[in-house]
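What follows is chain A paired twice: with chain B in the first complex and chain C in the second.
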Partner chain A sequence: MKIINLVKSSRRLLGRSSVINLCRHIASQGNTQHHKVLVSKSLNIYENLALEDWLYENTDFNKETILLLWHNSPCVVFGRHQNPWIECNVPYCEKFGVDLVRRKSGGGTVYHDEGNLNCSFMMKQSLYNRRRNLQLVVDALTYKWNTPLSINDRDDILLLDKYKISGTASKLGRNKTYHHFTLLYNVDTLRLKSILHSNLDGTISNATRSIPAPVMNLVDLVPDIDFSSLVNVISERFVEDTESSVVEYVDPADKSAFPGINKHLAELKAWNWIFAKTPPFSISRTFQNEFSRTITFLEVSLDVTKGKIHNLDLKVTPPTMIDSKVFIALSVGMEETQFTLNEISKKLSSVKMEWITSRLYTVETHAILDWTLLCIIETVALHHGRTPSQNTDNNSEKTYLNNNESQATW
Partner chain B sequence: MASCLFRVLARPQVLKFASLRAVSINSLNIQHRNIHITRTFCQKYFTEKHEWVDVPEGSNVGTVGITDYAQDKLGDVVYVQLPDVGQELEVDGEAGVLESVKAASDIYSPVTGEVTEINEVLNDTPKKINESPYDEGWLYKLTLADPQELEPLMSEEGYNEYLTTIE
Partner chain C sequence: MAARRISKNWIKLTKYNQVKTASISILKRNISNKLTVPLFRNARSIHISPCLNEIVQFNLSDIGEGIREVQIKEWYVNVGDTISQFDSLCEVQSDKASVTITSRFDGVVSKLCYDVDDIALVGKPLVEIETDSSTDTDKLEGKYDESSSSSSSSSDSESYMEQRLRGHKTLATPAVRKISKENKVRLSDVKGTGRDGRILKEDILNFIAGKQPGVTQEITPPAPAVSQPIASSPVVQQPATTPTPVIPPKITPQPVLGEDTTERIKGIRKAMVKTMTAAQTIPPFGYYDEIDLTELVRFREMIKQQALQRGVKFSYMPVFIKAVSMALREYPILNSSVDEKVENITYKASHNIGLAMDTKDGLLVPNIKNVQSLSIYEIASELNRLHALGLAGKLGTDDLTGGTFSLSNIGSIGGTYARPVILPPEVAIGALGKIQALPRFDDEDNLVKRYIMQVSWSADHRVIEGATMARFSNLWKSYLENPTSMILDLK
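Moving on, here comes the complex of A and B:
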């Protein structure tokens, strides 16, 4: 009753719109927000990110703040504006069933497996505070296990002030936001290191780059940490001091609980989202070989925009080694080809057929023309079994002097 | 609860908030007059969400960007995803994404219209948004579908006053 009188009198003093703003302000100051913890039962990264998307779209964040927790089977998750071919070994992942995923938040590439807890703090934008979320987790873990954790200026959580155990990313909409981060407690760090390594040379790109950091697992210091103990410790901390709280186990495949979730799932699994959203990039390589006792250089360059090849350009030195019609047929034939091994191989085969019918591919030229095709395959580096390059320099000027050894791996 | 309300009211920032709110409404009235009487110079219009749109006199093409306050809040911009030329944008609809310090922030269009040009320079130097948010760091240009959408937006003066109410 007192409050009503107060609101009435303050309305006279401040005007109606100011009172509404004042009440909103008071509401946001107290712990009137409903805090909900959702733990996903799914181990599928696409399903879990679809659930996060669904919650982001369908939750009234003026009423509640959500903490979504999950872990999933092996996958590589890269940031919204990253290039998967530069960030990780795409052919290796495809061969060994490691899911490749583009998330909607910014930041760098991470490797997940079941030994990694994902925490997503979802709330209205006025409450957005990455530091507070990270501190909550650090406090919860330190309280329970006395772990020596710190947070650096990149919002990474460090163990022993040195080893990264958590990488952060966030998405900000007009009124709502989420901040999610990884928490490595028992991941296969050997696999992590071998996967987060590009097998592509000679790229130029404006895409967001990841910053590699030494990593460590929490179990190396606290052997009894596992998924359920982490979920319990973090959930308890998140819901304490709030008037109402819930911890709920959910299944993202439950279409009655999450109507329309399949739309989000289909989007996240689409090649057009995972790969074609890659910011435009270029690849440029130089190869060397010997034909008829003449040392021959071949420069291959191409652009990839929206997941498709454009402007394939080839230059041979000395120029007399290959008929210019050969290159014209290649450039025209490869334009707009999807940047996948399957599509590129198909197009190269049809170009070869064209060479044969136009009598460019002959007994005299077949060796150098087959080598040209191999150089293109080597440039796009989409085939399995290619030895990852030891050189991580992405300078466009760099020349890759090819030899018969690297061809032999194909 | 009542005493809590008193405490909140007693905070100087709340009373400031309330009084400046009234000022910003007055400034909106001033801006109305600007539109109808003095549209003789380039004018930037500002949204509460820290976007600006610059519409020169006699033109129906607006240039859109984010404000100095917004770029400061974002931190170093590392990647800019802009709309496509020819894309139809709606007022308050998503127009792209700015990435900074691991955060992907959606950009919203302050007005409805068709994109005629994007700032290609930002592809190579996204930091222009931080260095020059009102000039070299513009995002895109569009033809205004409805110039009346400018009316509720703030003038530069009004926006500066608005800024003092939100911190």
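Moving on, here comes the complex of A and C:
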């Protein structure tokens, strides 16, 4: 109350701009929070996110505000309500050891490697202000290196008003919040572009979609930017105007400093959290081929809920090309299969055994049935390597599938 | 006593415009039976407890940053779950912020106001919780910061609102503070056993009953029976004197009726609106006939096996289409097109026969190009292709434009005669009914079984005469009734 009265009276006396300065002064005076900067020594994304989580749960934000700084070895981090298979190339990541992580905050998908700095501002709810955090970093960088940075209305930091160098996400709870964002200073942008592209087509999903943007590195403008200089510049700005100036280097694997952090770590690494938490989605694709001089269409559709396949449905036109028992065996056999290449291949093999024993798979039908299996593999898009374009009237797909037929290991 | 409390609460409820759950008459009736009040809103949540249950609407509080709406992403509770204060209710997302909403009340969840992926509005009810009556109905909106009660205390001069116990602030919900106030108990004297050392209702009651050791007790005699909250005995006594009659509220159970829904017409349906409105300017005439398809059916039986070996399922439609094309050769005016002002008529060279298709997106009419130079087998395969594309919703503009004559196989769904609407800029259209086995008389007056299909033609009377249509139909009919006669004119 007093402050409002003061402001009102001073406005009359001093004029508007002076009042703004007065307010700023009062606001900064009210900042009696202890500001702490923590820098993680680990390059493991799971450990770092577990640390962030641990701090979120175990800190008294009435007493302190934390800035956590970290970077990781290559990984893809997607938002709480996103679909990893739609957002990035999951089989590529699994093959080449790129970690896949679901974080607890919302927002879109980002690619990290050691050339990306993550900043996490953790404070109580009344101090939550994303723009102020971003502005702090922008001011710090501009002051030191005169970089042309700006913040757009989606809370992205842009270089030269065009290239996105930072993506933001936040988590709010009962009186505690964190706002974290990336900062691209020396990331492999080619790899970023290729990994953040999915081969999965024909999906219908309500999961949050990422919005792609052109990216650039800070190092393209300022060649001597690196992790330690960024840490220094940003933490200096963070602790200035406050009484505290603590910058601590921490190791998330230290269980004595962070008791119970293993629980968070285990949760983040679990398949159920990373993949099964995906909101339900469905895939539908149509394939074309020619058998016995007849143009045949096969429509494959399936739902994926909690990381498992449900309701696999196949339709062939003309309907007489494939016996319906074949499809029934497939639908039943594939129900509740975990959405991974291993599990799907295993189940398809066992369904094929069923076909063989019940004489549905014969000399006459083997070509079209093998093709059906290939279409299912194509639909889930979990196999490694590149795939051609997915249009049904694209002849190259026909030859691709025909070629693969001969190499099929069924 | 209970009634007076009931009426006091009643006034409070009406004053704060609460959702009421039961009428007082039922309550009074049930009090003596030690039964609870049945709830009209949710029949499943009848449970045994002696107090007046009320349903509280828990509104979605302001998340900040000017956000007015969020999307529900996951529910952590279901209807019927018992929750305590500060339990997580759901996860919502707004613009990259993922927020965990926690409950302000203890109680049982009676309604989830939104489904997953719905948009929830700030300030509107998020869940409905059935709580016990001692919950203070003043503070309805859940706030994140429990210590915000200190900011609201500036308007409250009570010294109980903010107390310090050994340098710590005592944590207690407003309901508990009210009880402590009523009983003149200092919160600092009570030991809290709840989460974070919070003082719960039970702690106050235990304190009053003198069960709390180690803390200086001010043994106050229990307040007069009137203001005594829930005593240790579970039975609420009926007052000796008849209380003043309170008028029960009017209960209007929701009628279970359907609701009108309105949606914008868009996409293919909108295109249909446009086409049909344009078609209205054409003065049509209808010509109806029935075709004896017995010979064709016999023909099909013979051909079926052969056709299957070629990988084609033989159906009648390709034969009809080919017959139309052959008949159009004799009557090219039916394969023409007039311009808007009806000044010029263009006789189209190729027979692009359109087929009306009912797809999941709506009515589409893709056409088969150049039927005059296609064999029946080729027409069948084109038909398959268009059908498959139609099912997948992938018909291209090439397939959908350029038609010169249309057919609608309404018989595949059912029906005999129809009055099809001409699709401009064409001048004629035919609707084929169901093939049915019907009794007919042959030349020797015997009753025989015949396969009959009805056909309904519509044509633009500005350029087509009735006689032309009739002759065309007769020619088409003769081709179908005698399939072998098609050989003579087959090109």
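The rule is short, and it goes like this: the second predicted complex is superposed on the first by the 357 of 410 C-alpha atoms of A that agree within 3 Å, B and C clash if a C-alpha of one lies under 4 Å from a C-alpha of the other, contacts with A are read in each partner's own complex, and residues count from 1 in each chain.
Everything below uses one rule, namely that a contact is a pair of C-beta atoms (placed from the backbone, for glycine too) under 8 Å apart; a residue touches a chain by one contact, two chains touch by 3 or more.
This structure is a prediction, so every number in the text was calculated from the model and none was measured.
A.B. asks: Looking at the overlay, does A:T357 come into contact with chain B only (first), chain C only (second), both, or neither?
C.D. replies: In the superposed model, A:T357 contacts neither chain B nor chain C.
A.B. asks: Which partner chains sit in contact with A:F297 here, chain B, chain C, both or neither? Use first/second/both/neither.
C.D. replies: In the superposition, A:F297 touches chain C alone.
A.B. asks: Which holds for A:S170: it touches chain B only (first), chain C only (second), both, or neither?
C.D. replies: In the superposed model, A:S170 contacts both chain B and chain C.
A.B. asks: Applying the document's definition of touch, where does A:T317 land relative to chain B and chain C: first, second, both, or neither?
C.D. replies: Once the two structures are laid over each other on A, A:T317 reaches chain C alone.
A.B. asks: Of the partners chain B and chain C, which touch A:G106 in the superposed model: first, second, both, neither?
C.D. replies: both
A.B. asks: Thinking of the overlay built on chain A, is A:H81 touched by chain B (first), by chain C (second), by both, or by neither?
C.D. replies: Both partners.
A.B. asks: Kindly list the residues of chain A that each of chain B and chain C touches, one partner per complex.
C.D. replies: In chain A, positions 79-81, 104-108, 154-155, 168-174, 206, 208, 279 sit in both the chain B and chain C interfaces.
A.B. asks: Inside the complex, what are the residues of chain A that reach chain B?
C.D. replies: Per the stated touch rule, the residues are 2-3, 6, 10, 14-15, 17-18, 21-22, 25-26, 29-30, 79-81, 104-108, 154-155, 168-174, 206-208, 279.
A.B. asks: Please name which positions on chain C make contact with chain A in the complex.
C.D. replies: These residues of chain C touch chain A: 63-65, 73-74, 86, 91, 93-100, 102, 116-117, 144-147, 154, 308, 310-313, 381, 384-385, 387-388, 391-392, 394.
A.B. asks: For the complex, give me every residue of chain B touching chain A.
C.D. replies: It comes out as residues 1-2, 4-6, 8-9, 14, 17-18, 21-22, 49, 78-79, 81, 92, 97, 99-106, 108, 123-124, 126.
A.B. asks: Can you check the complex and tell me which residues of chain A touch chain C?
C.D. replies: Going through chain A, the ones touching chain C are 1, 62, 79-81, 104-108, 124-126, 128, 130, 154-155, 168-175, 206, 208, 279, 286, 291-295, 297, 299, 315, 317-321, 392.
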